[in-house]
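Got a structure for you, written out below as structure tokens; questions coming shortly.
For clarity, chains are labelled A, B, C and D in written order, and residue numbers in each chain start from 1.
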Amino acid sequence: MDLYEHQGKELFAKHGIPVPRGIVAEGPEAARAAAEALGGPAVVKVQVQAGGRGKGGGVVLVDSPEEAEAAAERMLREGFQGRRVNRVLVEERLPIARELYAAILLDRSTGTDLAMVSVEGGVDIEELARERPEAIRRQHIDPEIGLHPYHLRRLTGALPNELRDLVGNVVAGLYEVLTTEDATLVEVNPLVVLTDGRVLALDAKVTIDDNALYRHPEIEMLRSAFPIDPVEFRAREAGLQYVKLDGRVGIIGNGAGLVMSTLDLVHQAGADAANFLDVGGGASADAIATSLEVVLSDPAVRSVLVNIFGGITRCDLVARGLLEALERVQPTVRIVVRLDGTNAEEGRRILREAGHPMIVPAETMLEAARVAAELANAEAAR
Amino acid sequence: MTILVDEGTRVVVSGITGREGRFHALRNRAYGTQVVAGVTPGKAGQDVEGIPVFDTIADAVEATGANTSLIFVPPRFATEAIYEAADAELPLIVCITEGIPVRDMARVASYLRGKPSVLVGPNCPGVISPGRANVGIIPGEICIPGRVGLVSRSGTLTYQIVHELTQRGIGQSTCVGMGGDPVHGVGFLEALEAFEADPGTDLVVMIGEIGGDDEERAAAYIAERMTKPVVGYIAGFTAPPGKRMGHAGAIVTGSRGTAQAKAEALEGAGVRVGRTPTEVADLVAAALP
Amino acid sequence: MDLYEHQGKELFAKHGIPVPRGIVAEGPEAARAAAEALGGPAVVKVQVQAGGRGKGGGVVLVDSPEEAEAAAERMLREGFQGRRVNRVLVEERLPIARELYAAILLDRSTGTDLAMVSVEGGVDIEELARERPEAIRRQHIDPEIGLHPYHLRRLTGALPNELRDLVGNVVAGLYEVLTTEDATLVEVNPLVVLTDGRVLALDAKVTIDDNALYRHPEIEMLRSAFPIDPVEFRAREAGLQYVKLDGRVGIIGNGAGLVMSTLDLVHQAGADAANFLDVGGGASADAIATSLEVVLSDPAVRSVLVNIFGGITRCDLVARGLLEALERVQPTVRIVVRLDGTNAEEGRRILREAGHPMIVPAETMLEAARVAAELANAEAAR
Amino acid sequence: MTILVDEGTRVVVSGITGREGRFHALRNRAYGTQVVAGVTPGKAGQDVEGIPVFDTIADAVEATGANTSLIFVPPRFATEAIYEAADAELPLIVCITEGIPVRDMARVASYLRGKPSVLVGPNCPGVISPGRANVGIIPGEICIPGRVGLVSRSGTLTYQIVHELTQRGIGQSTCVGMGGDPVHGVGFLEALEAFEADPGTDLVVMIGEIGGDDEERAAAYIAERMTKPVVGYIAGFTAPPGKRMGHAGAIVTGSRGTAQAKAEALEGAGVRVGRTPTEVADLVAAALP
């Protein structure tokens, strides 16, 4: 779960990392009031989970409350890079002397945390790592022993002396966020040095481990600030992994790897997936029915591919779930169904006997992908 | 010959009185696996269709000589069960549980380093050596004994590929589901190393996906050390960057960890990479002696 | 540092381990008052750091305050097994249904903590371990992961069901004492089950790591309750490792191993050491002088052996230190001195030139031990 | 040939600007050891008689190629320095510091398990390979190069025995002071194993003392694995039970860990045990080819 900038900054403040004074606004009026409260000149920042806000007009310097209002109004109306925008962050404007970078993330290849501090900030850090690797100090932190002073000395070793302790404190705060809030990534870009010598987090990127949300109800609640797509909401409520994509073939499968592979096969067959939907292991008839409803509710869908390899999942239940859903919704597109594995024969028999006109059985995964792609392309061409 | 599990495997199931634990313990036993004990705190003395239940793994080991832990307990108790199995010095721990917080797993990984226990998983389908032992949830009926080793980050995709092999009459020595979590036990490297050393394995299939750099590191290992042929598959060529695709691991950041980059790394190491599960099976058939 | 029973029980109570109600008394009057406060019948327990109090008359059941006073008076007057006694513990008398045993200690051979629970208590645990090993459950606890529920389930597995949680809680408390107070040993023998079902620590043995006392000033202060031997006090203040023993040859050396070896050699030569004194590494002339004064202040000493192998320690400083001490104290016994290693030649020259009548130089460690033993035996025979 | 340290050893000294650290760093350098760097937080850029000082061990390794850590910092900072050296992946860490809380060391020992770093100490005199390198506080002038390996729990007692060997013209391959703390790095087992494998060592002297069971476990190892002759010495035959004798380790509980029990265990494993340091040297002289 990726937090908004303003949510990340609230966590930062809680753990002693200095951040600019700022106020979240959900409308132009509120943005105007916020700028007034901050004393006039301000920065209005769109709150979306996307990079490149600076270049894309998502961060606007304003000199007055009126300008703040106008900027917020435009952001909330236009959205950002195709995303809906619910809120902006209005922050004090600060005199910046220098930009740095600091981050800690869980490095999956070592199973330890990797902290990074760069003497340059406000840039694409992966680009910087390629072009001037010596600008970035890296240090692994083993969770067994936690953060030690030598880690901080090493990380801040390339900075001027007067900045080392200040940046070290920020890194220590980031580590605290990481460990106490179950984050997998905390990033500050840029970490700024003000002309008066203070060091502040000007941005905040925080990713929380979804699996750990059960012990952080207060973070789970932050989701309520996110714009909600009703389809995605329904899928999430049903425990389905659903991601909306840009193509025309609705995809339902069991297991992330199998679904990804199905997406690839559909692409190879000349069409693109409208979504990724993993019903998970041991799916019930009900979960299958909900999945089909979710996928069919997307108007871009021109055909659906149901690809099930039964392990814990029983293909007879899948067949029943499909027929159940078809009683509730009247699909206008064909549903290609491929069943293999546990009780596949029985599942195929159930579908055959039901003889639903919109269901197209397929023998193999490859065939299913080909047929679904053809159907979608034919539908789209009409 | 096989890796990790065989006829000598004696399984103790943590969470055996839960719905899933019970179902798969019995299923594994029905396959022929020696499922000798279960563990559920407070239910010592009971049994699950003849499998005795104990209070701790150590008690179970003492009473039954179990040598393999199979874990089905819910995520918030799963790392506890792994620690318990490691402290009981079980050589193999297979953790099926999905949804363990990754920082908890990082601590587990750190604890296991330098210990004799080998962990498979978590969030994995387990390990099967067809005809000998099945420890986990891989459907035994899609496998046949043979000389192809298989290791995979994905569950049902593994079934798909095993299925295609079996349809062509190509049997498997051992199939290892390493699981899709960012921090896990046995990875491609360890499995490849074990298959390379296993006289019962002639060829290895590795099934990867987007995210992380397990495949890239495996490619480096293959180039340097493997003498047996390797056939690969990568899922997620069409996954858009920055999107999470179900598996916690399956998320792409920038150009790193893309399916394209992984496939190229593997091909650079001499691995034949199939573009579909079917092509993978064809490549295996062609490469086998 | 071994704590007194009552000090250990205070730590237990702090960490949630149930203990009997009890009052420390430093005189017979106070013991009487304590018994009164506890309601009459009581147990009076001598506070010494020694085992076998039960058999040796160090634990007395009393039926009245008067009896408590009498028992305390005798204990404080007589001491216990040759040790001075400063205080007694007066505790409530409780109806005991069963005795158990629980302990955790740092197991040096694995570097992890070893917890033990026995279904029998109040006995010599090493004897029990030999004779009925199945009575004792053992469980290693790795400090990296700490105590987990499965440890407690395993440890209490041989107990009746109704006792398992109660004893488990005691073990959890012991583990808390161990880890938060830097103990190397916590032991409860017996851990008792009362007739009303409660589980209490009837005794408490706690050893605190001396090296960790710097972070436990409140435990360091408990030392003030210990009877102080003025000689030992002086040695400790000077940073010397001094242990009083029963023989006649005073021993001074640098390094614990060398000093122990010197004790052995003196024994082989037919005498016994009056003490163990390690001046430590890099000893100054002053430390040597203090050491000599400490050793000579023991009236049992009939000869002294100074055995120095200079490494960081410089033999010339040792020689100067000895001569300095001899200006302050007039020894009535001979001092055999063996110097080797760093600046040994210079040290020997200094002693030779000083020509002090009580100093006897020795060429080797073996010779020094022989001469010191002979001198002590000759003195003792006079 | 030697174990642990030789001409290729490049030492970084933690606490080099302290009194002891400076003294011994210079003394080790004067002996011919490559002392390439020192570490003192906040003093980076300074030098100690030409030895450059850095802010972290990692900085020092990067700049100088140091491969051995020598630690002189006070007890409350010493475990931090060990972690730092381990994270910098130094193959050898020698910790001289005395007085580290034993629970801190238990955590360190747990951390180092499964890591490539080897720890000697703490509370030890260090390691010397006479004529090649001296890392620690053993006086180099009492040693001469030769073919006897020595490992000891005690400092000055080691000097005594080395001295007696040297007086008889018997040189040493390497002398390892493993230190007297209850939880420590390299023990008798690891040293014996290394000496057994070292073609430059013909015989091993092990110097033990009361307390713990290091000697008993070493005896079991010797009986099973050692082909080279071993001569032993145990200090503390006359130490009364229950008394602490300086070394945190030297405390006897009941019959376990007594000098008598240790000597008997060693003799049972074919070790010749001398009753005095002089007799140890005599036994070595007699046993050498």
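As a working rule, a contact is a pair of C-beta atoms (placed from the backbone, for glycine too) under 8 Å apart; a residue touches a chain by one contact, two chains touch by 3 or more.
Quick caveat, the model's predicted, so the values are computed rather than measured.
Asks: Common contacts of subunit B and subunit C?
Replies: Common contact partners of subunit B and subunit C, which must touch each of the two, are D.
Asks: What is the touch distance from subunit A to subunit C, in steps?
Replies: So the least number of steps between the two chains is 2.
Asks: From subunit A, which chain is the farthest off, judged by mean CA positions?
Replies: Comparing chain centres, C lies farthest from subunit A.
Asks: Subunit B to subunit D: how many Å between their CA centres?
Replies: Comparing mean C-alpha positions, subunit D is 43 Å from subunit B.
Asks: Measure off the straight-line distance from the CA centroid of subunit C to the CA centroid of subunit D, and report it in whole Å.
Replies: 28
Asks: If you average the CA atoms of subunit A and of subunit D, how many Å lie between those two points?
Replies: 53
Asks: Of all the residues in subunit C, which ones touch at least 2 other chains?
Replies: 142, 144
Asks: Note the residues in subunit B that touch 2 or more other chains, in rising order.
Replies: Within subunit B, the residues that touch at least two other chains are 107, 110-111.
Asks: Thinking of each chain as a vertex joined to the chains it touches, would you call that graph a line, ring, star, complete, or other?
Replies: It is other, because the touches fit no line, ring, star or complete pattern.
Asks: Which chains are in touch, pair by pair?
Replies: Pairs of chains that touch one another: A-B, A-D, B-C, B-D, C-D.
Asks: In the complex formed with subunit B, which residues of subunit A make contact?
Replies: Residue list for subunit A touching subunit B: 106, 108-109, 111-113, 126, 142-144, 179, 182, 184, 209-212, 214-215, 241, 243, 245-246, 253-261, 263-268, 272-273, 276, 278, 281-282, 309-312, 340-342, 364-366.
Asks: Under the stated contact criterion, what part of subunit C meets subunit B in this complex?
Replies: Against subunit B, the touching part of subunit C is residues 139-140, 142, 144-145, 148-150, 153-154, 157.
Asks: Under the definition above, what is the set of subunit D residues touching subunit A in their complex?
Replies: Of all residues in subunit D, those touching subunit A are 41, 44, 55-59, 80, 83-84, 87, 107, 110-111.
Asks: Which positions of subunit B touch subunit A when the two form their complex?
Replies: Subunit B reaches subunit A through residues 20, 75-76, 98-107, 109-111, 125, 137-139, 142, 152-160, 163, 180, 182-183, 207, 209-210, 212-214, 217, 233, 235-240, 243-250, 254, 256, 259, 275-278.
Asks: In their shared complex, at which residues does subunit B touch subunit D?
Replies: 113-115
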